[in-house]
Structure formats: structure tokens, C-alpha cells
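After this come two complexes, each holding subunit A, first together with subunit B and then together with subunit C.
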Partner chain A sequence: MSSSADAQFVEHASDKLPWSLWMRQIAAILRLEVKKNFLGRRAILIYLLALAPVLLMAAMAATAGGEISRHSGLAIIIFANIFEGFILRTVVFFGCAWIFMNLFRGEVVDKSLHYYFLAPVRREVLVTGKYLSGLLTSIFLFAGSTVGALFFFYLALGQSANSNYTFNGLGLGHSVSYISITVLACVGYGAVFLVVGLFFRNPMIPAIIIYGWEFINFLLPPVLKKISIIHYLRSLSPVPIPEGPYALIAEPTPAWLSVPGLLILTSLVIVIASLQIRRMEIKYGGE
Partner chain B sequence: MSESSEQKIVFEGVSKFYGEILGVNKVNLLVAPGITSLVGPNGSGKTTLMNLMTGLIRPTRGRISILGTRPDQPEKLFRKVGYCSQYDSFPKGLTGFELVRSMLAVHGFHRKEAEPLTWKAIERVGLTDAAHRKVAAYSKGMRQRIRLAQAIAHRPSVMILDEPLNGLDPVARAETMRLFRQLAEEGLHLIVSSHILHEVDTMSDRVILLNNGYVVAEGEIHGVRNEMEEHPMQILIRCDRPSTLASRVFEQDSVVEAKLHKDRRGLFVKTRDADSFYLLLNRIVTEGHINVESVAPVDDDLNAVYQYLIGSRGEDQ
Partner chain C sequence: MAVYEHTYKPYAGKLTPEWSRFLIIPRHAYKDIFRSKLFTGFFALCFVGPLIFAIMIYLHHNINALLMLELRVRDLVPINAEFFQIFISIQGGLGFLLTVIIGPTLISRDLANNGLPLYLCRPFSRAEYVIGKMSVLMILISSITWVPGLLLFLFQSYLEGAGWFGNNLRIAVAIFLLSWVWIIILALLSVTISAWVKWRMAASAALFGLFMITNAMGIIINELFRTWIGSIISLSILMQTISDGLFGLRDSFDMDLNEYMIAPVWSAWMAFGLICALCLFLLTRKVRAYEVVR
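After this line comes the complex of A and B, so read on.
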């Protein structure tokens, strides 16, 4: 009975690494997971989170549009603060926590993880597929949210200031930076929360601890500052924001270090997740 | 590993503890192709054994090999193995067809290969008409059958089926058992857990009886029964002169009890040696004094074996 179905996999017996099979499996996992991430009942929270900055900027544009257009220099600093304090530290942080921690933990709660565990998929491929699905979802929603917030910010600047700032000034570069920082935040926080979801039965507690760590980053000595995601993201900000009178000052990490650093951290975390999931057992009853 | 064990399911000294709670202990098995049923009361270790075979849990001690593959190599194991688990939960929002096809895609099948395999599997479990309905709207029996379809779709050599007849109506049960026999005749290993003993008796080539995490007996049902010397075999002889027959059967030392049937048209005989008793009965019949209508073993089935070894009626479990 097995011969015909196995035929297509014979090619892989001679291959050292069956990349084409792994790509097909990742694509299949992505299709299932992205659908679940966007249409599942857990998606409501991330839609609300992603919508919040857009609504905030739309409200600001509607109520204080004149002020913003008169004081565009100040407005740029205000936007940078909103981006870091609200979009990055709150929306992207909690959005990624929700999406990535539920990639495995949610399946354990729903008692559906065994479908993947009963398929001939390397656990590393499963982790990669799930991580990429979370990444696609978070980038689409939160980079989209950043774009929406920027749109209303530019709208509030008014047409002439807007075109000066965007095309003759730094606006375009700033916008690209904000979107890139959002993408990197999804990459970094996503990896961290993926692994948190694998190690902890109730991942909300470690998520709150991580939030606290990121929140007090400005108070930490320079060495400890570097053990965080927000430090590297802040280093990339196009508009430097002072950390306040109590902050311990650390040199921002240059982009050529912080971007690869975040990517290396992400890769390491995914390796840890893969090692953990190889040891994982399915015991829904104990959850 | 020998060539013969490459074709078998092997457990060598396997134990599984959940903390301090025993799952299974010191299990040694060599399972050949055909239908092997795991029988035992709730909590006896049936599901633990199945989850160990499929790598969903890891043994605390011992070694398992499924046709030469270790269960901790899912990428190899599930090319050969299909598992129809008892977990009654499904990925959300999928139709039966989408469920089977998307899992085949996760296996790595191309779409054009996955679709005919999906239809074939759905057809085999008799769900063609409901294939495009959401799984969430399926009845319990239909959910059971779509799980079965998902387990057989990639054409495995080993099928592990945890209570596969649960929730099925009598017609679907009969059809599913026929499907199992068909798969066994195609050379597959089928490991089935069930607590419906007469169904297990009908379809199984051999049984593994479990109790409190231990394998208490294994093998072909009648073979297991014959080895239970402390429980003499009970035979009912329908005849015209049961009292006369009763006086004759005690010629044999191995006969331990003879009891008249309440309608006085039959005799229950308990013997430690059924073969020599049948020879004696032949001799008595050829003497021509007694007309025998029928001879049938009364407790030569799985239910009796279960009662003797585990101590309660299987159907009650």
C-alpha cells in the first residue's frame, strides 16, 4: 500500500538535504497557520491592537491638525515618541506576544498540535513554518498599522508641509525607517515569544517580566541595556528620543551591528525552540 | 537490527512513567502484520502504548522500533505510520476534504498528488457526500471517520487506531471493520485499541491484553485461552441424554466439572485438556448410546479470556 505514495520521496533518499520537500512543507504549514492567525477567534485582539495607533493618529489629525501643521518640527518629535512608546513598546510587543506565544501554546490548548506531530515533518521545519506564519501576520498587521499612523500624521501636517517634509526633507527616509524598525521588532519579539510559548505553560507571566525588562531599559547600565530588543530598535530610530533625567546613557549601537545582531539573536532563539520542540511530548490531559 | 524485526513493531523493555504514575511497565512485544488489538480496562496503558509508538510521548526506559524506525524520527516514521488518535479536536474552519488534503500537503505531497489521495481516503471511509462540509458540523461518527481518512490517506504500512469504532453506528462499524480486514490483507500492520470485546474477537488476528500498565497476555486469542490452565475450558454438549454423558465424562481425569443445562437437554463440561476430551466424546458418540446435536466451547473467546485475566466483563469497561 505504501509504495506508490512513497514514490515521490524516493528522490530525497539520495539527496543530502531535501530542501524542496522542506520548502513544500513550510509552504503547507504557512497556508494553514496564516489562515488561522488571521481568521481564528484569537485574531480579534491583534486587529484591535493594530487599529489602535491608526485611530489615535486619525483622532489627532482630526482634533489637532492645525497645531501639528504649524509646529511640524515638534510634531515629528511627538510622532517619534508615539512610535516608540505606543507602537513599538505596546502594540508590537503585546501583538507579537499574542501571535507567537499562541503558535504552539494555542494548539496545545485547542488540542490540535498532534496533527503536526503526526506528520513526517522535521520539528525544525515545523518551527520555521510556524515562525514565518507569525512573522507574516505580525508584519502585515503592525507594519500596516505603522503605515496607517504615518498616513494620518502626514495628513495632519497639511499639503505643503507634507510635500516639503516628505519629498524635500527627511520624511521619506523616516517613514522607511519606522516601517523597517517595526519589521525588525516583529522579527525579534516574535522569536523571543515563540520560545517563551514553548517553555512556559502560562506564558503571560514571562511576557510581563520581559515587558518590565524592556520598560526599565533606560535605567539599566550599558551592558545590561544590550540584553534587550528595545535597545537595538531605539538605536535605529531616525529621531533620537531622550530617555529622561534618570536614564543611564549608553552609546546607540550602530545599524550595521544592531540589525545583524537582532537577526543572529532571532536565529539562536529559533534553534533553541527547535531543540525544545524535539523533546516535546503531547500530554493534553496535563495542560 | 535483524531483517525480520525491520518488518515488525518491536518493544524492548519499555516503561513509561508520568512522574510517579505508571503508564506502562516492562513491555516486550514483537508485532507482525495483521490486526493486533490492544485490550484492557480504562487506564490500563493502551493509549500510552500507542502514543509511545508514534513518538507523541517518550519512553522512560527501553527501546521501540516501528519497522526499523525509531519513534523520535517523525520525518521518517510518519511516512510509514498513520495514527488515528482519540483526540476529538481539529484545526478550525476546515472541511473534511481540506483537512485531509492540507495534512497531505504538510507531508510534502504536491497538490496534484494530494487531491486523488484525499478523495481515495474519503471514499474508503464513506464520507464522499460530506467531504465539503465543515468538520465542525460533523457528527461524532463522521469526525471519527474523517480522522481515519486522514490516517490512511498517505498509504502507510502501519496504522495505529485508538478506539476507531467509537461513535460509529452499527452499519459504519461493520464497514470500518471490513476496511480494517481489507487493509490487513494488503499486508499492513493494524494496531487497534477497543473495549468492545466481541468486535475485537471478530476482527483481530491477535490480542495484547493490558492491565495496570502491564501486558498480561498476548497472542492469538484461542492460543491465549489454551494456555490458561488454571481456568479449565468450558464446553456445552447438546444431546438427548446429558445425565448419561455426565457419568461417562468423568472417565477422564482432566474433566473437573460436569453440570446439566437448565433445560436438561445439554451438559456443561469443564476440562483441563480440551483435545483429549473431544477424543473421548467421539468415542462415546460412536458407541451409539447418545445422540449429540452440537458441541461448542462456551468460554473460548476474548470475553472469557478478559474476565479470567482482568477480572471484569470487557463491555463494562
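After this line comes the complex of A and C, so read on.
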């Protein structure tokens, strides 16, 4: 009687997915990886990259503060350009490429991935844990970088223009939008580079191709524009920036489509990464 | 032969001349590089540009072909300094991609596997080692930049007639010098990064990021501070400035640079010299048979 009850219990237990165990495992991986991401030697480059826009805006506030406060309308457009051209397309793109490609490729180079693979952890759980750790790091650094850049931009605007723009104008909404776009960029680029890091032994070539694709986005016809991350991020920008005389104009995707679209794409990419890692074999010798 | 007769005898065969010893490195490197079909395919693609440019030159001088294609001479791109500058820019871009693919592993493998003493214990100096490693890139990039560039120039001179060569000799000099500036900067940066960053992906990323990030930073600095300093921080604009100086053109790529953004040519040459000096300094620090860790 008791043995049949045990058998029933085991059967019942195996029907139910062990979510609590997976959550605990993800949390453990997250703790380990976040420490590595923030304190490892490879993090130095990312700190420098994240600091670059803040330093630039600080230098601007120090040298051209008066001019900016006089032409606040123009300054808002200039900031939008800096945000898209430098923060989004350069700092976040390269930063995410570095952080997320390192998640697996870095372990292979350090010859330490087998420790994870030998532990009783499902590989899908490992992918999720690592992705979340990369996401946390990138959001902290690059959203922080955006906040820093915004801080110095507001400082340059001067107190009266600043409070007027922030609280009576669109400033607060714009700031929230810029930070949200940075977070979404980390989510989107992170997922893409995680997969690239898993699929390719030398991920730089696909990274260059992705960079090229994102760079020529303004030249692409509307249908192809939608197969890129920058198109959705641009659609969310609070201050639209003209793409130049050679650009093919496409309707910006509304926010209610862009945001879930990016999130769905990210989930899909993580599922692909999970499927890929199940078949992954470690060959340290090839590195 | 009895064992006691096995005494030391120096190598009695023919020695490689001292001046060409560095070429041993590219010879072996090419065997390894061209084993990849993907790379061989990409390298072959690098010659499509010269072919297209040669056809464009040929069309200018073949009325029958123009009639067949229903084209007029004025519809074609004029063959002038800008034509050759565009050619070198395209080929230089391809050279950059070649460098990103093969450059990062040049020295890093030797350093990571302690292979440097094996080179330097032979009659082979550190300078020869570095030149040998750089020549892997130099020979490949030369074969897609100034060599076809000068061939195109000679082709145009031959078709156009005697006067054209003499009147446009500056273009030939510019093709040669610009290609070498590009080759030296790519080879030096790549070898330096390879010596300091042992991980291949990081080295490729550093080389690629160096061009892209400095470019974005340079433009932002120029715009924000209304200066030309950003133009010499950005490696791409720096190269364009040198190129414009050599070809005698101004803002040739229509980057719509404001007057204050165009850096003087001397400053671009100075920045180029500084980058080379910095790379050489870093290389001398790193390329040693043994690294003493205190």
C-alpha cells in the first residue's frame, strides 16, 4: 500500500515542473555571474564605455553651459542626436555585445564552462540565469550612463529652464522615455548577442554584420527595417531625428507594438539559445 | 656511425639572406589562413572592386561598348582624383575587414603558448619578428589596394594617351601613399592589440570598436564643442583628412563637415605619427622572449 502511494507521489511530482528549484538555481547563477560581470577584469572596458557619454556631457556642461541654457530648444535636439548616435548605437550596442558574448564565450576561453555543465542544472536554466545576469549588468551600467548624461544635460540647461522643462514641459516624460529605450535596447541586443556568442566560435564576424545591418537601417525598405532592433527603438524616441536625405521613410511602429514586439523577439531568441545549448559540446582546444 | 662521433656540426646548407628572413612568417601564416574556404572566398571577392573599376575605365574609351549599352560618356563617372580616392576607400574598407579577421591572432597565439622564445632563440631579431607578423597583413592588403590601384592608373594612362600620365602623377603618388598609410595603421594597431589582448574575440572587438567608437566620439566632440579635435580622434575622419590632403580634395565624401570640423592636414599626419609611435612603444614593451613578473 505504502509503496504504491509512494509511486503515485513520485508520478505526481514528476508531472509538476520544479519551478521553485529552477528559480533557486537561476538566483544562484545570477549571484555568481553578476559578481563576475561587475568585478572581473573584462568589466573595465565596459566601465570606460559607460562613462564616456557621462564625461562628454559633463565636459559640455562645464564649457558650453551658458549657450545651452540660451538655446534650450536646440539643446533638446542635440541631446536626442547624442542619445541615438552615441549612447544607443555605440555605447549600448558595443557594451551589450561585449557583456552578452562573454557570458558563454568567456567561459570557454577561461576553460570553466564544464563546471556549469557538470552541475545538476538544466541548460535552459543556465541560459536564463546567465541572460538575466547580463541584463542586470547592462541595464545598471547603460541606464546609469543615460541618467548621468541626462543629469549633466539638465545641469547645463540652468536652474530656471531646467525646472520649467522638467516639471512644466516634456522633460520628465522625455527622461523616462530615454531610460526606457536604453533598457529595451539592453533587452533586445542582449538576447541577440547571447545567441551569437553561443552559435559562433568567432562571434565578431556576425557582430560586424549586425552592426552593418543596424547602421544601414535608414537605407532599407520599410519591410526590412522591421527586422532590426534600432527601428523599434527609434520608433519610441521622444524627439524624432531625421535620418538624412537618402533615407527611405517608414512609418514608426507604435509603442504598443514596439515594446511587446521586442519582448517577444527576445523570448524567441532565448528559446533558440536554450535549444542550441542542449546540443552544445565543449571543445576547449579550438579556442 | 658510432655514438661518440655525433659531435656538434653547424648547419652547412644554404642560409636564407638576412634581409628576407622575416618573410618566413607570412609564408607559413598564409598556409594556415588560406586553409579556410570562407576566407579564401572573401579574399577573392576583394578583387571584384578592381574589376568593376577597370570596366568603368574601359567603357570611357570604347565607343562601341557605349553604343551597345546605350550610354553616353557624360553618363559615366569621370576618371579623376575622386574616382581613385573612392576606389582606395572601398578597398581600404575591405582591408579593414581582412585585418579584423586575421589580425588578432597574429601575435596573441605565440604569447599565449609561450612560443616567442622559439622564434627569438634563432638568428631572428624582435624587429624582424614584428615586421614578419605585420607583413602578413601588409602583403595581403597591398594586393587589394595600391597594386590594383596603380594598375588601374596605368590602364587609364594607356587608354587616355601620353599626356594624362604626366598631368595626373599626383594621383598615382596619392594612391601609393594613402594605401601605405592605411596599411601601416591597420597592421600596427592589429599587431599591438594582438600582443596585448590574448583572447581572439576581445582583440577583434577592440580593433573594430576602436574604429567605430572613436568615430562616434569624434563626431560628437566636433558637434558639441565646435572644434576639429574630434576629427583627429576619429580614425575614419583622420584617414579621410589625410586622403583629402593627398588627393587635393576637400570634404570629398560629402560628410557635410562644417568648416570648423575640418582638421588641418598637418594635424592628421601628426596624429598618425603619434598613433604609430604609441603602437611601437607598446609592442616593444610586450614582444619579449620572457616576461619578468615582479
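General remarks:
Please note the rule applied: the second predicted complex is superposed on the first by the 272 of 287 C-alpha atoms of A that agree within 3 Å, B and C clash if a C-alpha of one lies under 4 Å from a C-alpha of the other, contacts with A are read in each partner's own complex, and residues count from 1 in each chain.
Just so it is clear, a residue touches a chain if its C-beta (ideal position, glycine included) is under 8 Å from a C-beta of that chain, and two chains touch if they have at least 3 such contacts.
From a predicted model like this one, the values you see are computed outputs, not experimental measurements.
In the three-chain model built by superposing on subunit A, subunit B and subunit C fit together without any clash. Looking at the shared chain after the overlay, A:T63 reaches subunit C, while subunit B stays out of its contact range.
Look at A:M101: by the touch rule set out above, it reaches subunit C but stays clear of subunit B. With both structures placed on the common chain, the touch criterion links A:R24 to subunit B but leaves subunit C unconnected. Of the two partner chains, subunit B is the only one that A:V121 touches; subunit C does not reach it. Contacts of A:Y211 after superposition on the shared chain: subunit C is touched, whereas subunit B is not. Judged by the touch definition given at the top, the superposed model places A:K36 against subunit B, while subunit C stays out of reach. In the overlay built on the shared chain, the residue A:N202 is in contact with subunit C alone; subunit B does not reach it. When subunit A is checked against subunit B and against subunit C, the one touching more of its residues turns out to be B.
Contacts of A:I181 after superposition: neither subunit B nor subunit C is touched. For the pair subunit B and subunit C, the minimum alpha-carbon spacing after aligning on chain A is 15 Å. The residues of subunit C lying in touch with subunit A in their complex are 97, 100-101, 199-202, 204-205, 208-209, 212-213, 216-217, 219-221, 223-225.
The touching residues of subunit A, counted against subunit C in their complex, run 42, 49, 52, 56, 59-60, 63-64, 78, 81-82, 85-86, 89-90, 94, 97-98, 101, 105, 109, 202-205, 207-208, 211, 287. On the side of subunit A, the complex with subunit B involves touching residues 1-2, 4-6, 8-9, 21, 24-25, 27-29, 31-32, 35-36, 39-41, 110-112, 114-123, 278-279, 281-284, 286. Within the complex, the subunit B residues that touch subunit A are 18, 51, 54-58, 72, 74-80, 83, 85, 87, 89-93, 102-103, 105-110, 113, 117, 154-157, 183, 186-188.
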